[in-house]
Amino acid sequence: MSEPLIYVLDMAVFVGIFAILAVSLNLEYGFTGLANFGKVAFFMVGAYTSSILANMGFPYLACITVATFAAGFVGFVASLPALKLQADYLAIVTLAFGEILRFIFKNEEWIAGGVQGITVPSAITITGVPIQTMMLIQLTIVYAALAICYFIAQRVVNSPYGRTIRAIREDELAAQVLGKDVFKYKAQMFTLGSAMAGVSGSLFSQYVRFIDPYTFEPILTFTVWMMVILGGPANNLGVILGAVFVQALERGARIAKDYLLLPVDPHNLRVMIIGILIILILMYRPQGLFRESKVKTPALEVASKWKKRS
Amino acid sequence: MNSSATTKTTAVLVALIIVVAVVAGVGGYFAGQSAGYDAGYKAGYDKGVMAGGAKAYEKGKSEGYKAGYETGYKEGLKAGKPKGPTLPDKIKIGSLMCLSGFLGPMGQKIKLGVELAVKEINRKGGIAGRPVELIVEDTATDPKTALEAFKKLVEVDGCKVVIGPMASPEVMAIGKYANERKVVVISPTATSPKITTEFPDDYIFRTVGSDALQGKALADTALKKGFTKIATLVLNNPYGIGIEEKAKEVLGDKIVLSIRYDPTKMDFRTELSQIKDAGVEAVIYVGWYEDGQVMFRQALEMGLDNIQWIAAEGVYGEPMFKVADAAEFMKRAVIGTRPIAPTGLITYKLFAESFKKEYGKAPTMYQDTAYDATMLAALAIAYAGQYDGAKIKDALQYVSQYYIGATGHKMFDKNGDQLTQFYEIWKVEKVDGKYKFVGIGRWP
Amino acid sequence: MKYKVEVEKVSKFFVNPNGERLQVLDNISFKVYDGEFLCFVGPSGCGKTTLLRIIAGLEKPSSGRVRVEGETPNPKKIRIGFVFQEEALFPWRNVWDNIKFGLEVRGNYNPKIVEDVVRLVGLENFKSYYPHQLSGGMRKRVAIARALAVNPSIILMDEPFGDLDAQTRWIMHKELYSIHEKLKKTTILVTHNVEEAVYLADRVLVLTRRPAKVKKEIFIGLERPRNKLSSQFIRFREEIIGFLREEVPEI
Amino acid sequence: MVVVNWLQVLFNSAVTGSLYLLAAVGLTLTYGLTRFPNFAHAEFMALGAYAGYTIAEQLKLGFPYSFIAAFISSAALGAASYLLVFRPLTHRGATIIHLMVASIGLDFFVRHLIKQVWGGEQLSFRMVWPYFDVGPVRITGLWVALILSAIVMVGVMHIVLTRTRLGKAIRASANNPDLAMASGVDVEKIALVVWIVGAALAGVGGLFRAADTRLVPLIGWEILLPAFAVVILGGIGSFYGALIAAYVIGLAENFGVVFLVMFKLSTDYKFAIAFLILILTLILKPSGFGRLFGEGGKVV
């Protein structure tokens, strides 16, 4: 029998996985102003690391932990040369970096099956449980991870540290003059963002249970960018809603096409709408559908004073 | 007696015999088909040979066969007797196709094969009187999207049978979920041997042979021709690599140069120069129309038509002739293999006619396997008598033993793979200014 | 006395990466006399450069208005000599060709004009050199010559000597002083080097932190050429630094 | 032992390089002028290719006409992109990142519009080009046409850039828009001209790519990153830098294939060669050839 509920749960899982990516990109772009166009690379590192370990028989917690650190490490290493570059160069370099990494996973069969992809054994197998229950377990794991990432992101951006990275975003030179080691802050945010992408990748591989290089094309990065731009950069809740919106639009188009007769292919239409929407939002409401969240800390007063003075 | 009279008599005879012979379910289909064949044969033989016209005999045979085939389907589909819970009023069949992304161009074509089958089924009155509704979803040539689309078909639309997905990685991605949710998946194109090892004995079927077989067919063809210095030139994807690995296994150190290429790169000049300079006698080539057209044209331009090319089925089909240079190159230098039915191809001819009538053009690669997959699904539903994944799966195993489709016998082994797969060895000829494919042998 | 430049209630907003409006200039008004040498000093990143670009017509103010010789500034119509902070020469053009570019664009190239400015900045022997063959100080001379060649109504300089070593900067200060004495062009110079401002300017405007306002106006009533070591000079310098320190305590 | 016909590889490199040059010229000029990498440039190529296809194959008017169609349609798209999307965004104070993201949005829109109009199926030109041997080198008419087009384009651009006031203004604006503006150049007008010319050349490049291979909606996107590699290596905004870089990358890719095959690696890595050059240039020498050769006083 059909179970629309499962489909909704499935969507919720994907929203969760993408929301983590969106939050991580938000840390990099929204708060620190880094144009990472290679987000998918770190997602991919997380997914592959986790899958390889799972195939070697490691428990899931170990997989996701190592995946997180692996993606964070790759992010850190990549950030060392990349972050010295200006925004447009950084974008192109990260995009090319993601593609090179994908080529390696694609062509080196010994790593993880090359073009054949790699299946991922399920970490949690409970026999005799209905699929709905399994879905709920998956959902719980994903949303627990999202909650942790969200919590970390909120803590980071609402701390004095977060104030500094926003200052870097606003005016790198001024921050530098104030004695902040801009590069160090950027590298830390990039590493943190990459590690979160690794978490997301690990969850993804465990949920889909099969990954191959074709999953990690640059389009995935741009999907996450759309979530951030639509949701409102520098607003963690906003970008999560952005993730909901983009996923809902994608699945909505799939279902709508069975009921509507359009002269246009709904898939084309969906992407065209997103394209136009991005341009319109950047033109008329560049703060996104949701504004930048205000700093919320005990040091709020100090911060707002500082803001006013600057 | 003239031949048209013979034909008429035959048809009447066939119809009579079928009405008598039809039993329920697939029995009806099978009986109808064989009865038609017998009737045609008999009538043709009796009347035609007696009248001394071998032509009339041939015609009678084919007419009779056609009539039997038609009626067999009709009866087979109609006779699905509801057992236990009845079939729903509308039977939904899902289909996952790569309508966009890398395989998008191919998916757009293959979809037509599925749609043709559904149209025919509905024209014949649907499955046990119930119309079939086809729901096609785009997978964007991406495993993640395929899984998402598959879930939509299963959970929102409630499909228990899904035709597709096309690419092997997509099948790999949805396999586990299909088994969990007991949904029958019949892929018309996924050829990776990994599917067999990953999903044995379950809900994953395919109407196309595994690459392992064709790799062997290609390698044997090269051996038979006595080549000792061979290059492989394959798509860098599961299809190309699956065949390449098998061919390497068979040919060993006779392979002196191996090139895997990215089909989106499309600038193959230097790869081809390499092959030219390596001085090989033959090239084992695995590609699709999309890159094959370009590859063959550039190969002709580079003057590689003086060595033997042995190609897999990916480049078998009329679209290859759209590019004049590619067609000319194929005529000069290419032979190849492709999966065929072991007993001749009148069913294919019938399929091709129907296809041409519907779309105004000749069918191309995998549209036939897609058609067969859909027909098999419909017959299995009819035979199962209820819309239930597990029942349909068992029914599918059973009906496949009797089904002769556009691509011949489609018997599944216990893994859901083709039990027997024969390959035709083809070449290209130019007749009256038109290129066409000609069979020159068979494997095994 | 005639005003060469009038800046009235100019404010400027930018949109930051998140679409938030970022105010850099807050209601700035001042006037510049013909032939005056005016300096802006202010904390880094306070918007000095933006202000200069608005006066040059390279950017538009969000509100308020600017008049140069009574007209809205537009580099196509009003000739403006702009000396950029970073090195701004076309690398494929030699000294001569770089200097003549502005004239070429306006279609009134005259070798004599170029010859004059080349002599003025002392580059007679380097006419056919390419920028990469010149020292930093000489490149600045080319940039100044290029700005002067179009016979501009005003000269705008954006921290022109920031990237020079102390000694070369010294020399350039003297050069600039003598050029100004000779031509009496209205000049606006942006700097964060207080000494530079006191040495060159008739008047110094101290700007606040972002969003920038005019904090203080100081007339430098010293005789020229000025002695950087005289006690009055140092007093002016310390006074301005004192104002700046109020803005940026870290100084 | 692998035997290599190096002359052929050299010639192949010239073909690849010429294609990359056509694709990258507009990209580098618009990048220099409007100061952001325009990802929608991919669709300038795609639209030119599809427009050319319609003229040559559906209306059967022949290749020269499709050449013109590609030129005009892409030019129109370039003008529209600049006037309707990027200029308004710039006026509203959009950042580089905003402009990049907007260009991706535009890219998505145009690509799917193309897909809607012409369908996703692969299309191919039916033209047959003559081929012949010159010594050990195999040459075809199309490749000659491609290389000739690139040479003619370079010649015309060179004369325009060095002899005309417009050209000098273009070159100056692409190198340093602020300086050009302060010198009295109407940079916005120049920008419009550059967007039109750059897009038109990309359209011609796309047409050649389509005629040489085949047509799919992704045709432009496939060579966008190599084109970026050309732009970066050549120095942003530098026509002459791009000229050198295009052939350098053409050489690197084609010779790279030879070595990849020798070392039994997938020729898939061919793309990675261009990307690697791109990354190394940005990290080691962000000004690219523009500065490298600019120090000789000639290039940029």
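A, B, C and D are the chain letters, set down in written order, and residue numbers restart from 1 in every chain.
Basically, a residue touches a chain if its C-beta (ideal position, glycine included) is under 8 Å from a C-beta of that chain, and two chains touch if they have at least 3 such contacts.
This is a predicted model, so every value here is computed, not measured.
Q: Look at all chain centres (mean of CA atoms) and spot the one farthest from the centre of chain A.
A: C
Q: Considering C-D alongside A-D, which chain pair is linked by more C-beta pairs in contact?
A: By number of C-beta pairs in contact, A-D is the larger.
Q: Which whole number of Å gives the spacing of the CA centres of chain A and chain D?
A: Chain centres of chain A and chain D, defined by C-alpha means, are spaced 31 Å apart.
Q: Mind checking the centre-to-centre distance between chain B and chain C? Centres are C-alpha means, answer in whole Å.
A: Measuring from centre to centre gives 77 Å for this pair.
Q: Rounded to the nearest whole Å, what is the centre-to-centre distance of chain A and chain B, using the mean of the C-alpha atoms as each centre?
A: The answer is 41 Å.
Q: Counting only residues that touch at least 2 other chains, which ones in chain C make the list?
A: 15-17
Q: Got the chain B residues that touch at least 2 other chains?
A: 99-100, 102, 236, 260
Q: Could you tell me which residues belong to chain A and also touch two or more other chains?
A: Within chain A, the residues that touch at least two other chains are 29, 33, 106-107, 267, 286.
Q: Using the touch definition from the top, list the residues of chain D that touch chain A in their complex.
A: Chain D reaches chain A through residues 35-37, 85, 88-89, 92, 94-98, 100-102, 104-113, 115-116, 225, 228-229, 232, 265-266, 268-269, 271-272, 275-276, 278-279, 282-283, 286.
Q: Which of the residues in chain A come into contact with chain D in the complex?
A: 29, 33, 35, 37, 81-82, 84-89, 91-93, 95-97, 99-100, 103, 106-107, 222, 225, 229, 264-265, 267-269, 271-272, 274-279, 282-283, 286
Q: Name, in rising order, each residue of chain B that touches chain D in their complex.
A: Chain B reaches chain D through residues 99-100, 102, 104-105, 108-109, 236, 257-262, 264-267, 269-271, 273-274, 276-279, 289-290, 293-294, 300-303, 322-325.
Q: Looking at the complex, which residues from chain D come into contact with chain C?
A: Those residues of chain D that touch chain C are 92-95, 97-98, 165, 168-169, 171-172, 175-176, 178-186, 290-291, 294-295, 297-300.
Q: Once bound in the complex, which stretches of chain B touch chain A?
A: 99-100, 102, 135, 137-138, 140-144, 147-149, 151-152, 154-159, 168-169, 172-173, 175-176, 180-181, 192, 194, 198, 236-238, 241-242, 260
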